[in-house]
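Labels run A, B, C, D, E and F following the written order; every chain starts at residue 1.
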């Protein structure tokens, strides 16, 4: 088996995390996994959704979008069509859930942090890049809140990162790019905490079902990949 | 650990599968997992979505809905609100993907089968009950198509069933009902083929992340549960 | 003239009223007029629409839907299309108006009862079956409110029932089923109170206009039919 | 009983029918019932709705709207709110159905006539004024089609007119204006053909149910009123 | 160059301004520029948009619509399509902005005036006719507010009027009608105050770009036209 | 008068034009006017809108969006709200109209070029930056079409650029940034061709009306600014 990119099965693409990419957001990160580029902006607001009001805790939510020409052929603009597609809804719910696992919501107080993940250029793995980048933007937003005395303790529990794994030409591979993704038999997205705790596992057989053995192989690859990603996140945050 | 229902950790609820529940659909199944009741209707149409036209293959899709008072407190009707919620969209995409894995789409010819899964009464596990029931309705629709000479071979590859597993009070349990589901630390939905092939794995940490060991326990419980469900499906189809 | 079902002109279909059909709603009735099956759920809420707030009175409203495959060929799901059709809107307004005539809204206090009428299987007459079934569900909800001490008197003024009548092959017939309805020259829906008071009369010439004489014949048939229905409602409520 | 306007129970308001009110439509009528003013424009198109294509027959449909300040307090604009309300939908369906009864749709050929009824000023009875005015606009459109040789025979079967009747302070009255309408116990809309055939009867008890006797009184008043209206229509068409 | 209407380049169409055209609105004006007829209703409300609440000032806003058959061929009804088109949105924003320049918003107190401009018949120049007519309706609404003691001073600063100018067959012309507008190389809308102050200039090259010289010519024509319009507005208001 | 940025009245911000900013679009330009950053992607499609089909000519259209956190406080995402706001619609119509003036649509053949202008970071002047950047992306798309032999001649007539001018503290200034824009008395957007032809002039009095003299000053500033911009466009295209 030869990956189209020439990478080894367990090899991530070049990952770059650029903080303070735009100037208005409380956290603003451009995350790049090879040619996949996602801008992750964290916005802090001093109010929470209705169902949480008056309970003293906070909330983290996410929105996801692709620029119409982030992809090989132009996709219709969701704002123009007047609704977000099913895939978009699914992804933004996943991002929100994943990042809520990074934070002690009680310690956030009655604040909401919204993570806007907008895909500038797509080459596979946009949802896992979004989670990985958004966690860094989230930390910047939490630091902002501490500087501004909006909160007195650090609500971060765990760094959270995500990666895709899949079965490509019968073999488990890490971090699928678009040419792999569109030909993979199985596609799995893993979200894990820095301590190895599992937050979300979403494996889907695109063609034939996968076996438990393949599943275990993918899990092992993903675990190692996430470890690398957390190191990159921490390095970026140390700068 | 004591389950609210008194069931053992590996014990399914009473599962009932009633075929020909309504008279218009080509396949019509009421599936009950304890107090969870879902009506699964399969409709055959002699046309496929635009992206498949003229290619000779078929398609399987699903729509999901909850009656407004299928739940403890009344939910707003999606038709009245003018849009399907994110959870609905996520679930109907899962049902569609899962059942496409049951069938050789080429052998379907240019036909589409739509599986409408409408929850009459909810008590946890509606999406996995939907998949399990819809597969039976799908088989009835395929038999109809064969009787009507719309197709000449049986496109069914595999029976497909689904179950939820979770970590409740620290322990892995099978087939969560609502009181368990709303208190579980982890909720996992498994979709598998009758031969044990994995089609979809969706595990979500609701509170703390889960460990690989817990994950393996849940997988084992789910696998056994799906085996039982496939037997019940086959028994129903033999009647 | 021979009715397709073999019934006499003044003969209702077999009508069955099953209470407590689902377990969450304060009133839950499955009403069957032959092959027409409608689930009518009554939900009690301790708030009223904005235009009634602070005035001490209550409100009764209704929503109506058809499951996509309740009909011979699949209808698009209104939630997926993002709007309720004109027929749906018309019917749910009729159901709401009709049942408000059954109740002393002042005596309801500031509560709203929503009647969800969802058609599981359609064979003509779904709107009149909905009204007839919803009135029973409404009574169950009122009894619940009395048990729960939400109200101290019984707001019910009158049982309300509804039936369709029409001119089929030149002759007036009661309770049209789908084969009759789709060929009738005139279709009339009657809503009456148990004391014979008229609540709603909606007669429509589908083809040629109808005469006053035909109108009078239909009225007479309908009146007798509603009398029977009220007896069946009361019998069901006495169980 | 004294009517607010001083009219006798059986007395119509001043009715005026002005043809060629605007210059673009094939039929354009301003109809006035006292202070109620509705512009009824008929548009001819050489295509029919999808469900009729290729069958050789035509279609008549209607749309209804109220200018935001046609009423005492400003109503939100439906185009701005992004949807037509339930009352609007109900009314436009009624107008369309009523006028289809005026015409032999086969003789129309594959043409559609759309009747736009827009309320410039409202003072009760806008739906019945719409039907009465739209029928005149429809005849002008049919004459246009004959002049233009789009059709060779006159498809008109019957003039159609409509009027409201009601029980006001216990007594049956004809042609309710807004002060009466908002206090009436019962409101009934009658649509009849010039030969006395009944096309649509819609009676609604607003408060207490109405009796068969009251119903008969209203019917008699309405019948006489429609006779007068048909004469006015014919007079306008003769000019 | 010969204008289709035979008018001179600097000649307005016959302009008529009829006040109190309908009876419910606080200001109601039918404005006619030749065959272009727009009904402009001003509605006063004792509340302001959320972003202005509690600040003591008022707001003026506008909505614009065309009746479906105000034009040569029928346009779809925006309420039925479920959204206002881009042109509509653009025009109603222009009307609102223009009229806010006529009034001291502080002196309005916390009131909002909504100007509904509905085109009954279109023959070019509907947006400028709307502004010109709406300003008269606005003055009537301000007079009403003074009579009703809702305000104690007159918030009117300036009469505001608007006109279109364009380059038709190479020459600058005033007040384009539809045959000119649809063939013009350049179309410019001018909104000015009675004292000659410029409020809005919108010039658009439809075909070839226009020169500064042409621009100056159009400006001069427009300025003179607006002077005439303000006189007509004042004359109407003096009646 | 002192501009907040310290610029001279006739001074542009630093303008940067980066081509090939993303890799999928046929033309992809990041345009920066100081802190305003807009990504302009041009997409070529081999089909035209319905109203142009079969006529042999092409079309240019534009869509505009702001990332939710391109601004100082987060704006709601239009895709999530289910509709584009009035300002968005107005801007994208302006961009489309402006760029259609750059091109001989006949020479485009039956192709459509869509210009997606997405604001990554906003600091005033996003619409004029969009037009200026989109014109460069458009040229790249036209070059692509020539290389791919989709067209045989160059349809470009004129480079087109745009700039804002305004009256700030009584004085005319070029290229307003956000602090100026939000305090300007008048805001004018100018779109011109490289030969000085005027394509679009949109001047709006935000507070008091502006005089003809001020208008002339703004025009002169804008003209000079656009000259500079066209040079920058050409320099970028020469690289």
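Here is the rule we go by: contacts are C-beta pairs under 8 Å (C-beta built on N, C-alpha and C of every residue); 3 or more make two chains touch, one makes a residue touch a chain.
Chain by chain, the UniProt names read as follows: A, B, C, D, E, F = Ribonuclease PH.
Computed from a predicted model, the values in this text were never measured in an experiment.
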Neighbouring chains shared between chain C and chain E, ordered by label: D
Averaged-CA centre spacing for the pair chain F and chain C, given as whole angstrom: 59
Whole-Å gap separating chain B and chain D, where each centre is the average of the chain's CA atoms: 50
Per-residue multi-chain contacts in chain E, two or more chains: 82-83
Category of the chain touch graph - line, ring, star, complete, other: ring
Starting from chain A, with chain F taken as the next chain, the full ring order: A, F, E, D, C, B
Residue ranges of chain C in contact with chain B within the complex: 22-25, 28, 35, 37, 39, 41, 43, 45, 63, 65, 67-72, 74, 77-80, 82-84, 88, 114, 116, 118, 120-122
Touching residues (chain side chain B, partner chain A) in the complex: 83, 86-87, 89-90, 92-93, 97, 101, 158, 188, 192-193, 195-205, 208-212, 215, 219
